[in-house]
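Step one of this worksheet: look at the structure below.
Naming follows writing order (A, B, C, D, E and F), and every chain is counted from residue 1.
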Amino acid sequence: MKLLIAYIQPDKLTPLRELLSKLEVFRYSISDGFGHSEEKGFFERYRGVELDVDLMKKIRLEIALNDEYVSKVVDAMLAGGKDGSLGDGKIFVLPIEETYRLSTGESGPVAIG
Amino acid sequence: MQDNMNVMWTLIATILVFFMQAGFALVELGLTRSKNAINIIMKNLMDFAIGSLSFFVFGFGLMFGKSNGLFGTEDFFLSGVSGNSWDYTFIIFQTVFAGTAATIVSGAMAERTRFGSYLIISFFITTFIYPIAGSWSWGSLHHGNGFLENLGTGAFIDFAGSTVVHSMGGWLALTGAAILGPRIGKYTIDGKIRAIPGHNIPFAALGVFILWFCWFGFNAGSTTVADFSIGRIAFITNLSAVSGVVSSLILTQLLYKVPDASMTLNGALAGLVGITAGCNHVTPVGAIIIGLVAGILVVLSITFVENKLKIDDPVGAVSVHGVCGAWGTIAVGLFAAEKTLGVGDKDLGLFYSGSFSQLFSQLIGFGVYFTWSIVTGFILFTLVKKFRGIRVSEEYERLGLDITEHQAEAYYETK
Amino acid sequence: MQDNMNVMWTLIATILVFFMQAGFALVELGLTRSKNAINIIMKNLMDFAIGSLSFFVFGFGLMFGKSNGLFGTEDFFLSGVSGNSWDYTFIIFQTVFAGTAATIVSGAMAERTRFGSYLIISFFITTFIYPIAGSWSWGSLHHGNGFLENLGTGAFIDFAGSTVVHSMGGWLALTGAAILGPRIGKYTIDGKIRAIPGHNIPFAALGVFILWFCWFGFNAGSTTVADFSIGRIAFITNLSAVSGVVSSLILTQLLYKVPDASMTLNGALAGLVGITAGCNHVTPVGAIIIGLVAGILVVLSITFVENKLKIDDPVGAVSVHGVCGAWGTIAVGLFAAEKTLGVGDKDLGLFYSGSFSQLFSQLIGFGVYFTWSIVTGFILFTLVKKFRGIRVSEEYERLGLDITEHQAEAYYETK
Amino acid sequence: MQDNMNVMWTLIATILVFFMQAGFALVELGLTRSKNAINIIMKNLMDFAIGSLSFFVFGFGLMFGKSNGLFGTEDFFLSGVSGNSWDYTFIIFQTVFAGTAATIVSGAMAERTRFGSYLIISFFITTFIYPIAGSWSWGSLHHGNGFLENLGTGAFIDFAGSTVVHSMGGWLALTGAAILGPRIGKYTIDGKIRAIPGHNIPFAALGVFILWFCWFGFNAGSTTVADFSIGRIAFITNLSAVSGVVSSLILTQLLYKVPDASMTLNGALAGLVGITAGCNHVTPVGAIIIGLVAGILVVLSITFVENKLKIDDPVGAVSVHGVCGAWGTIAVGLFAAEKTLGVGDKDLGLFYSGSFSQLFSQLIGFGVYFTWSIVTGFILFTLVKKFRGIRVSEEYERLGLDITEHQAEAYYETK
Amino acid sequence: MKLLIAYIQPDKLTPLRELLSKLEVFRYSISDGFGHSEEKGFFERYRGVELDVDLMKKIRLEIALNDEYVSKVVDAMLAGGKDGSLGDGKIFVLPIEETYRLSTGESGPVAIG
Amino acid sequence: MKLLIAYIQPDKLTPLRELLSKLEVFRYSISDGFGHSEEKGFFERYRGVELDVDLMKKIRLEIALNDEYVSKVVDAMLAGGKDGSLGDGKIFVLPIEETYRLSTGESGPVAIG
């Protein structure tokens, strides 16, 4: 079981969700984040004073996947990245030692859902 | 002849109508996304600023100067006015009305219009399109005399501006929104509609309450005379507004199984716009009917404009001001009942007098202003589109106009 | 007899009192959670819409028509009114007062009342409960004549409505909130109180400023005559409001070691409600005392209602309008000083005349309205509870009324 | 002698000027961080509450009582007033002006001033500093007589208070902000400026619209007489406001390549403050020039105060009220054109009469109020700083004044 | 040392915090999140247009625990899940290689606290 | 490759970002969070009723680092913690099994950037 953490551009969330549903991945979580990277920030000005905004709004995605799904999802996202439909972003894959479903107490791959 | 009390009443009405700028800004801002909030504020602020100056220099003369039949030819720069003349009160009163017409257009063009191009559009509306057409119905209020005021079948009646201010604003908004095209994401490739919810409904609701508060000045102030009629006009105005709320609530309950807040708020505005033309001419029951119909029309029209005409109007300006303004104008030909009210020697409305003549005048007026607005609007928007471009780039629209056109954020949280 | 200037002043006051709807909506919305913001807006909007229509059809006649001793029996649909009659101004003036009484109740019933049931409750308040009781004190302002106006010990004085509008609204709110029961999570199992903070104190503060702004029209407009007294009344009103702010600030500093914003804002409203009955009858010093006491009463009462009565009143409507309205009414019997002010031939207040008779009349008035509100309120709320249910389901309350009853979100951020 | 209509007009103006408290609160709150929103509300609320009471007890007498040449010596507690006297209207009218002067200071001292110390400062401003200086220019409006009203070179003209209210507020704000020192993080160690953006520009914009709406009452109400001039004054006021918007927009476009919203909003206020002194004395064209200059001055001054004087003024109070107030005062000496306007027997302005005498009086007035404000401000702030401390601790400033000084949060989201 | 990542319903945060304090677990972090799963979304309508809101507000909990605490906490949460006091939700257990306390520089299990 | 998760006080974000840029670490992500620990909460009062606010606003930092950078960054942060420039906080180090850059499809250490 792996935990996929992905940072993507906010307006690319909808294309990504469509991609995931095509892969029949229906469980994921997202939260608002800010990212800093080589990406050029915004130039803002407040009452005449320059303001360098170099923290870009990002969507942070967490998808817990069973091993056989991982490469399927990653490859699909990289394809989306290449053809520009998903824009820039980063994916980190971390190991999950155990998963539990609160409502039923199930654990292991079946709890990933 | 004007006296101190009429000056005071007209000025109080003027101050109220000025505050409608805040009402419109809040409605537009609340019904659009937070990434465009500052752009909306700047458009509303500049609407009024440019409008006031251009109306003083040019617009007022065109609308109220001695008319050559089509537009006024004198009184530019309020020339020839001296001492504590009534003209000062009259010009500021008419200025805030001109500002209202212009700001209606900004709502329909929200979230995707280039700021510079919008200023040009707003300038031409307040300097030429509005005053010239306005002179046809209201010229005689000053030195002018509009042809619509001398129709054989009876002078065109638009007491406070259902057509002159609201419909004209609404039809210009229609042309602008059509030429601009919908916002990105509004329609899917296969033409299905996607909702783009506003970011702050409480702001939009406060905007509607402010507009309703100021509308008492808009309608009852148009007497420019402080007599007993202002109470009647205010009462009639309120009856239509509340009827618009009730009918739009009931209709949304029927259509969507739940009372829809944003549509009911539009219902209030629909009732207010609808009664504006006839507020001095119709009975309480007439006002209730006009309001009820307006509340239904606005809901149907918003859906029609969005689905059938495929025009993206984020705040419903076309429906609230255009459609309900037209309905209000035509309703005068149906419900005008001066004699029944005891304020005139004969009833002009079809339902009271059985005669179609006033209705006929109202239809002429509607037709004249509809054509004028669509034609001049089409020319203006197409020219600006050709010479300067009217729409921001896709990238700017995605990031939001605040960051790109104003280098600022509406709601900044220190990180 | 009324003249043009009185019509203008009364209409301006009417326009200001109308805008109190926005003030109440913002206070309620700011002091409750964001998941119910749209529901609050809809309740305030419908309060006024239904109220205006039912008051025109029925309520006005009941309150101001020729009275059979208990309620009016004529002037329904404003029948018999023609020409530019004063009655138009008078009915719209009284309509916005009726709307104020109804909307007070919505604050105490926030976050857990079914929308449909609330509309029924609001209808009965503006059509029967308010007008019938109102006719007892204000009937003679038109064709009616209320028994409270002819008490042996001196007519019951409630110049602008501390009792008729505010206390009545407050006691109805008390009954409603009691029958509804507290919000989920307000009280722990062992009866300890949990705070449920409002989501936007700046909105609540803007609401209080708007109410204070409009209250000048509420009090000084109740002369329905534009003479020198309106300045005095406005000055007296302001003194009580600022005193309410100061005393509630000092009390919260003493009780909680810090100046509490939401309580100090309530202190301003307490001062305003408290002076409403006697604003035309008391001296500046009297106004200051009335305000100081009101500011203290509101803080103590909010804690009492919450702790002792175990009634959950999210905005403090019971304390601000009920308790301080009662205090304002009784204070007239203590501080009325018409002769000292030079505006009447004798001082009616106990502290000036040593006579208890006016105080006695005020207590009668307080008792009549308290009983009427509690009894009719109890009947109304219980009936609605039995036939339709008054409270939303637990699930709806957890998710918030916006999503469940209106399928909408107040602050939508595109994900 | 005053009559009913003048009382009504002056009271309506008073009600509008009261509502400026809401406008100032929203501007300050919108241009500062959300962790200090409640503190801003409390400061604005208490400004007015303490101001009203102290002005009634003491300030009014000092400003308008029989003067000993320097300040008034009678009319404390409005003693000797009886019946429906004009004095009631006059004192509430002057009270809301005093409140405006005091609340200007709170903007410049935002986000780092101890609440208790601020109350003391505000008390002394409304009780001594403002009334004493005010009596020099406006004493003769009542029982007093100020020396500035009898200058050899012509009475000092400040029709509605560019200097008496705004400049005085601005210079006191300057001293306060200077003695307080900048907010943490405003200047880096090497003196570079860091922007501390406001958390809600829509609130700030609504505040500016409200101020503009009320300013019609502020200027046109200062006639305290309802005659034809109020229309002229309102028209002139609006021309200057819109010109301030246009010139600040153009200047920010040139300086920063983009139209800056917060600066353009300040441009509107600059135009309003600038015209306040001469609104009854200048021509339409004069008003436009005064506004254009004000719009430019405010942008340059905000940058100057921040960069050169190293004074941290979060809302630009020093520039909007101090600098533009001074400009407005001096502009009267340049543009006053009573004869040209047909409202006076001779033109006082240099550009019309070629005489420097009125300009000289205006400069004297400017100098007197500048010195008085800086000196009394310096003494007041230094004393309060010594005895009680004026600034909150660094820890309090980091956490925000809402949590630390009021134990509350402005925008609470249930976790 | 393990990192427990849990997604729960927003109004179940208070019961969960009471449960944790009973287990003497006093250090945890939370943040706002949105989850997508089989859970039925909300039907919304904006000016007559249907709006399918299928991202549900969730609370994301992160609790770093020393190994001996993990099963204690997981079992208690699953019990809470079963009796409905904690509603639906998901728990993921990830390995922590090292922990540091910033104020003292301590590392390892003692830094977990 | 390691994932560094750090919780720090909100007003210490700027000093931390300066520290990271000195170490030439230009890629990181942040999000808002709330933390509970021994740290004393705030006492609030709402209309007379006490309100114990013990969830403190925190900034949650995620920095994916190649192994050779981990100790450099951790040591610098601990130094900042000791001299008080970074205030209190916690750092967790988790293993990353794989990293991908969406725009180019690169994976492994080179994708960390």
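Definition applied: contacts are C-beta pairs under 8 Å (C-beta built on N, C-alpha and C of every residue); 3 or more make two chains touch, one makes a residue touch a chain.
Model, not experiment: these values are computed from the prediction.
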{"item": "B-E against E-F, pair bridged by the larger set of C-beta contacts", "value": "E-F"}
{"item": "Interface residue overlap between copies subunit B and subunit C, same or different (over half shared)", "value": "different"}
{"item": "Centroid distance [mean C-alpha coordinates] between subunit D and subunit A, Å", "value": "52"}
{"item": "Whole-Å gap separating subunit C and subunit D, where each centre is the average of the chain's CA atoms", "value": "34"}
{"item": "Between subunit A and subunit F, centroid-to-centroid distance (C-alpha), Å", "value": "19"}
{"item": "Residues of subunit F touching at least two other chains", "value": "30-32, 34, 44-46, 55, 94-95"}
{"item": "Set of subunit B residues in contact with two or more other chains", "value": "5, 8, 12, 196-198, 200, 256, 258, 260, 262, 407-409, 412, 415"}
{"item": "Interface residues, subunit C side, partner subunit D - complex", "value": "5, 8-9, 12, 16, 33-34, 196-202, 205-206, 209-210, 212-213, 216-217, 220, 226-232, 234-235, 238-239, 241-243, 245-246, 249, 256, 258-262, 264-265, 268, 284, 288, 341-343"}
{"item": "In the complex with subunit F, residue positions of subunit C that touch it", "value": "193-198, 252, 255-256, 258, 260, 262-263, 299, 302-303, 306, 316"}
{"item": "Touching residues (chain side subunit F, partner subunit C) in the complex", "value": "44-51"}
{"item": "Complex interface listing, subunit C residues touching subunit B", "value": "2, 4-5, 7-8, 10-12, 14-15, 18-19, 21-22, 25-26, 29, 37-38, 41-42, 45-46, 48-50, 52-53, 56, 77-78, 82-86, 88-92, 95, 115, 200, 203, 405-414"}
{"item": "Residues of subunit A that touch subunit B when the two form their complex", "value": "11, 34, 42-46, 55"}
